[in-house]
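One chain, chain A, appears in both complexes that follow, with chain B as partner in the first and chain C in the second.
Coming up: the complex of A and B.
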């Protein structure tokens, strides 16, 4: 038995000071094991066979040949796979993507649809057999051609945002506007491509289903697997210790379901790993968007009308909305405010959440349109935004829980040297390069979801935090260590944070930039209660003293407000009009994102988000091939993301953004860094060249085709 | 992935004998392309003969003042070699414009010349492709082709050759030496790659089972003033969408000698002979350079979505030649 010792001075607080990742050493030395690296005895390996047609039916599979191949244990198809139940609503409030209901019927709704799983003793045997398997299809004509022209077939659907919001008389305000911008923008299909591919190992152990996976929320995945396989929730355990990136793609996907099916049939552990190429049809993606923005303003730039219409594609089996039109609802005051996000169904895989879903493409369109309005009005782009700064939610009428966008612009403009900017486009040359600068605003909702946590005062004087968080590279584990240390008033080396295990209980997923906000809330609640109940010098029994928290009530009691993080993005670009090359020279983002827990990892998140936006602006595009229905060049040689050489001096910082009424004060920083970054770059390209680019990515062929002849 | 046999060869005769005309066997150099193609099932060799340990990793001056580069010299060593940098800067620049440091440390000169196109239809075994599967068709003609060929292609294949190094070697009139079971042979690099025509699957004029042993550069004083400019869709680690290798010798403001080759526009590194003819003997200047570029590019047959390459190549030729002319005048 030991005695509890806490107590530090306020100066010892660790939140707000830079800390390297607690698991950093394990990661850089290779000691940290990722899902596909964890050894299991008697492990078998599954390889998914994907459809090579974009629509039709599986007529027959020549499984006999494959079953005779070396090492092959079984081939699961719609003829013999275990049945699953998809009639449920999952943790995130939506029914499961039918893409996770593997091998339940013969229909093929898109190219790359799983039609079989080949399981063998080694991954090489499984792969060779899977690639040998001949599948016969009754092919039907398919349609994957997304464009603005599909508007007539489109319909609005509420996703994680309402599809339609309308305030005021749009036509009247547009007619009364001295200046109108009416422009169409497109963004292409984009893929998450986390460094670590999706991987899961499933086994039955002592009557429980255990899945070792790489995901963004083990409670979420365990819950959905339990429902899919009609299992008691307590009999499913999902672990996900280290995750090499997720970005929205690592939820319940074909690999976990396939691994569970095979482990169930074979009574031995089975691992299924997606290849990079398979990820392009199995891991979700961001839908292409076609957007139209109409802005009506008085001569001084004050907005009378804001209309934003967005179209995205989804599959024929599931509705997913990329709510790009919603991005402006909290941004700018306007007398008439109409926004609608719609979708059209095509023979494509179902898109999903991808870093700043809605806001990333939506802000490209809206923030480009504002730049066009500034140009037309002859108003500085920052002044234009300040003139349209709302006092309350422009559509909701709710008060803001902190809105420091103006402070972001003021600080950003000062540091970027915006005041010296000549607004004229196409007049700065340095050798073969035309130079320009651009800016854009950013915002992202600050959500919270109920979570549970427990904090144990151990007999040895340390504290164990159990919170089912997911650290997908964000530094969440470290942030929670700092939060707990301060709440307990002990040094960080006495705090051990355990995450990534569904047995730890329900908690928010790593998503919506709401992970750290939601988890920290639960950790603080439990830690503070423990500290209050723990008299200095009190005896700690050998089993420790544990306090549990559940923030369901507290989160529900949060006052209705417009809660967002905000930011101001700045970019300087160089464009060679002779070759079409665009180089970003520097970027600056200044954010108002609540309380910053760990400046080191926070900067990493924000800079990473800005680079994501750079990559979106200049590089990323998955070309969906009309003839085959698949993605052309589906690998990292064909799908370009920004390379190191594309990433210049990128600086991110933040302004004070306190909200005394908020119990945690953390707003989330995983996505706001991406929002507006592409628009800032596109606006800078216009400033450099005098040519507007409304279609992403802004590649050399587009610069040259737009009239870049030197 | 198909199981395969692996042999390591230690001398050239042994390597050629190990392959022994087996059409199901491949020489393995740095493996930076072949191994990728094996993973995706484009290549399914039964046997690999590893040639990395062959004594072909030297760069030596030839008696006439040229340079002989062994086939297993790595891209990194080639680009760093002082004589290459001094006498043939265009070659060092071209090599450094390709791939990444890690890949250049592995990739070899012989393998670089024989690398396959990165056309996305070629690398996807579920797509038709006349180069991979003769007679199956070419989806690029009506599909994705914004980075496909504008010169020398055919209705059977519009893929481009991905090498940067090869573009410089083509400008420099390199000669490719090889060994077969019947003895050694040599080809000018201009004859190494076959025209596309109806047989895009037949890529080189090398005899079956031949092993490239060296690349020889003739003495080329003009190359001392030379340059490689590559345009790609990101700043590094991407194949070209257009590139130019150029060497220029000016005498009293007149083009005395010029070498010009294009990359990423054809099934092979493209020597711009028509442009060279216009340039030679003409006064150096923007008008001449534009005329030269246009003379070469009149043969361009762009597809619906790669017409920008004509503009790009024209602008690149003018830019690179202007820079070289400026430097020569200094």
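Coming up: the complex of A and C.
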């Protein structure tokens, strides 16, 4: 038949208009199948056995007893597991987490390290056998005590940001400053806890390794699995259609490797699912941080000196840096600008990226310190930030590709009612509550990574988009549908987007707030070329007409600029000085985040990010027990994430943020909503009580022991 | 075949009878997901802390991970697959879809089953911890956002879609005649 890609006017553009999720009906009816829900004939079930000591060696495992139990098929340990190769650098430019080198040696580097996989016919059999397996250890003394006092052992490490950046003479500018803030802040160990636990099923089929998984990028996972098992990349296929949340934790992890090992040994499909408790040592986490911020300013609040030092923990087997000190590098002008992120190695699991890695804890410290500076200078906190707006990157000297932070603050202040705010702390009472309001700035890099896509004009008049994107709840599948519809100039119901399959080719992962930006770029490139090549009324052959794109060159040609999304966060809190309870009453975030593709899902995602900030400010804290080396109460009762009753009216909106020089104009909204939100709440708690809280979470006992104007 | 470690039983799910032999250790949640291929009911924590496996047992909400399949015989189980009227979505499902009451979708079946029960519990006059006036003659309290949040707090959503979930529950309740 013939097809046409024209016939719509510019007013028919669908990007920028609300669109319910294309897979929404499947998700509200329970039809959407997640990784552990795809049926396989002859499926066997693997259950991981984790170390109960924090450091030492596995001396012996009583596998014979377990192998005799009903249904048990095998027990994989370092004695019999297939060998893997970990000497490579993966797609994201880092070596694999040593936690993926399962069962390769007898060393135990942290509590909760996998020491065996028990595989059985049913999950009940596998679980009971795994719990029966006795493991003997030669235990060694361990050290899991993270604190600011470990500074002497710490060293800087470049992660996804340079560890150290220095401009100007810090000591001289501090000495010349009329006002100095010098404060220390801490944030606790935090865990992603996506609602869907990590799950993978592996099988060999027709000479190929097939893995059905829950991850943030199948190209990434397939590539790493191929390298780990020394396989030709073309022989590995990883699918991940629906993903129940990721937040940075769903990369290459122990469950996929364990499933592949067992499927290889047993010649049948094997599924491995992490338990919620296992996720606390196998899924990565955000390191605790200890940060020191020194700000030096003139009496009017203009910054002369900005110093931010951050310390985080990592494991003894892998250097992961939480680059908290990097957050200010693009935010505020200062004559001297020194930032360093360092780490100390302990007998703990390896941390990883967790929503706004670096920016989330870093903005808590820096934006709290700015509030303290505003107090000391007697300047309104928003005015203070406006006085320190840089014309170019404060450290890089590069121009900004759009910096609409001021517009965010102006619009946010107007809507929040900031002008009526009495700056004095501890003076507003309502019954048993002390009331306060606070603000903070947010920013997050707008990155892009090369991706490939294909667009096919089908003979039936529809269009199939193939892009190896991952929709972990971001709405990417729907956003790409809208992008493609506009690029092809057709209604959305003629566009089918296929994602989440490594056979679709290389593409950026869902991470760094760069997924939709990177994928949309590739989809637009292919769709526009197809549209140019399709004559109106042209005949489409039965196999369709396909155009492929690869944005490697275009992304590489992007001009060097400071590219960021920005935002202004506002919060109102009520503090009960008798019980120490802090209730957030409302939050408002106004963001400048480029082109918003789908306002319905974008608002939801930004609000979700802000709720992460609320949860971080008041609730989340994993406490490591010194004696065992593990986390106390490693579950969703012991580790509280914000629940319905914790979340008041939270509103997110945005200002125009066009960048005519950018080929896509999308900046990414996955993480900026979290940045600064905890600081806005902490600043509001100060405004309510007159007491600064520099340690998160702001627990009732901390409110009570801090005293204040109660 | 029943044995000392398994039993034959009949489960009634979404109006259908299923006869199966289950290991006594099998939870209702695993029976639904692994044996009956009803994977709409989700496993988020497997220990009663997240609400993702919420189903209706004889019309009342219950977490399926904390009950054994053998104890579910004789009860009418409703899962997310059973709340719609054929192809016509339940008003709660429609409101979740229209108002984007989810992101990743994994907690969604539990949120929806919970919301269906919340609206019925409220209509039946059940108070919550957020209810100000507990006198029986006061009648059902207005179904305010605070009431909905309190009543839905057993269902965690890590994506933080709480705002739109509460709006969706309120809209569905309004359709049911419970304007806040």
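The definition used in the following text is that the second predicted complex is superposed on the first by the 701 of 710 C-alpha atoms of A that agree within 3 Å, B and C clash if a C-alpha of one lies under 4 Å from a C-alpha of the other, contacts with A are read in each partner's own complex, and residues count from 1 in each chain.
Note that a residue touches a chain if its C-beta (ideal position, glycine included) is under 8 Å from a C-beta of that chain, and two chains touch if they have at least 3 such contacts.
Owing to the predicted nature of the structure, the values given are computational and were not obtained by experimental measurement.
Enquirer: Going by the contact rule set out at the top, does A:645 touch chain B (first), chain C (second), both, or neither?
Expert: Both partners.
Enquirer: Quick check on the superposed pair: does A:242 touch chain B, chain C, both, or neither? Answer first, second, both or neither.
Expert: It touches chain C, and chain B stays clear.
Enquirer: For A:601 in the superposed arrangement: first (chain B), second (chain C), both or neither?
Expert: After superposing on A, A:601 lies in contact with chain C but is clear of chain B.
Enquirer: More residues of chain A are touched by which partner: chain B or chain C?
Expert: In the superposed model, C touches more residues of chain A.
Enquirer: If you stack the two complexes on chain A, which partner ends up touching A:90: first (chain B), second (chain C), both, or neither?
Expert: So A:90 meets neither chain B nor chain C here.
Enquirer: May I ask you to decide whether A:637 touches chain B, chain C, both, or neither, giving the answer as first, second, both or neither?
Expert: both
Enquirer: Go through the superposed model and pick first if A:432 touches only chain B, second if only chain C, both, or neither.
Expert: The answer is first: A:432 touches chain B but not chain C.
Enquirer: Looking at A:699 after the superposition, I want to know if it touches chain B, chain C, both of them or none. Which is it: first, second, both, neither?
Expert: The first partner, chain B, only.
Enquirer: Would you sort A:122 into first (chain B), second (chain C), both or neither based on which partner it touches?
Expert: Touch status of A:122: second partner only.
Enquirer: Where does A:579 make contact in the superposed view: on chain B (first), on chain C (second), on both, or on neither?
Expert: So A:579 only meets chain B here.
Enquirer: Do any residues of chain A touch both chain B and chain C, and if so, which are they?
Expert: Shared contact residues on chain A (touching chain B in one complex, chain C in the other): 124, 128, 635, 637, 642-645.
Enquirer: In the complex of these two chains, what residues of chain A are touching chain C?
Expert: The contact residues of chain A facing chain C are 20-21, 23-25, 27-34, 36-37, 39, 122-125, 128, 192-197, 242-245, 247, 273, 275-276, 472-475, 600-601, 604-605, 607-612, 615, 635-637, 641-645, 647, 649-650.
Enquirer: Under the touch definition given earlier, write down the residues of chain C that touch chain A in their complex.
Expert: 23, 25-26, 30, 33-34, 37-47, 49-50, 52, 79-81, 84, 89, 93-94, 96-98, 100, 102-109, 112, 130, 145, 148-150, 152-153, 155-166
Enquirer: Give every residue of chain B touching chain A within the complex, in rising order.
Expert: 1-3, 40-41, 118, 120-121, 123-124, 126-127, 139, 142-144, 146, 231, 233-239, 241-242, 305-309, 311-312, 315-316, 318-319
Enquirer: Using the touch definition from the top, list the residues of chain A that touch chain B in their complex.
Expert: Touching chain B: residues 52, 124, 127-128, 131, 277, 432, 578-581, 583, 618-619, 623, 625-628, 630, 632-635, 637-638, 640, 642-646, 699-701, 704-705, 708-710 of chain A.
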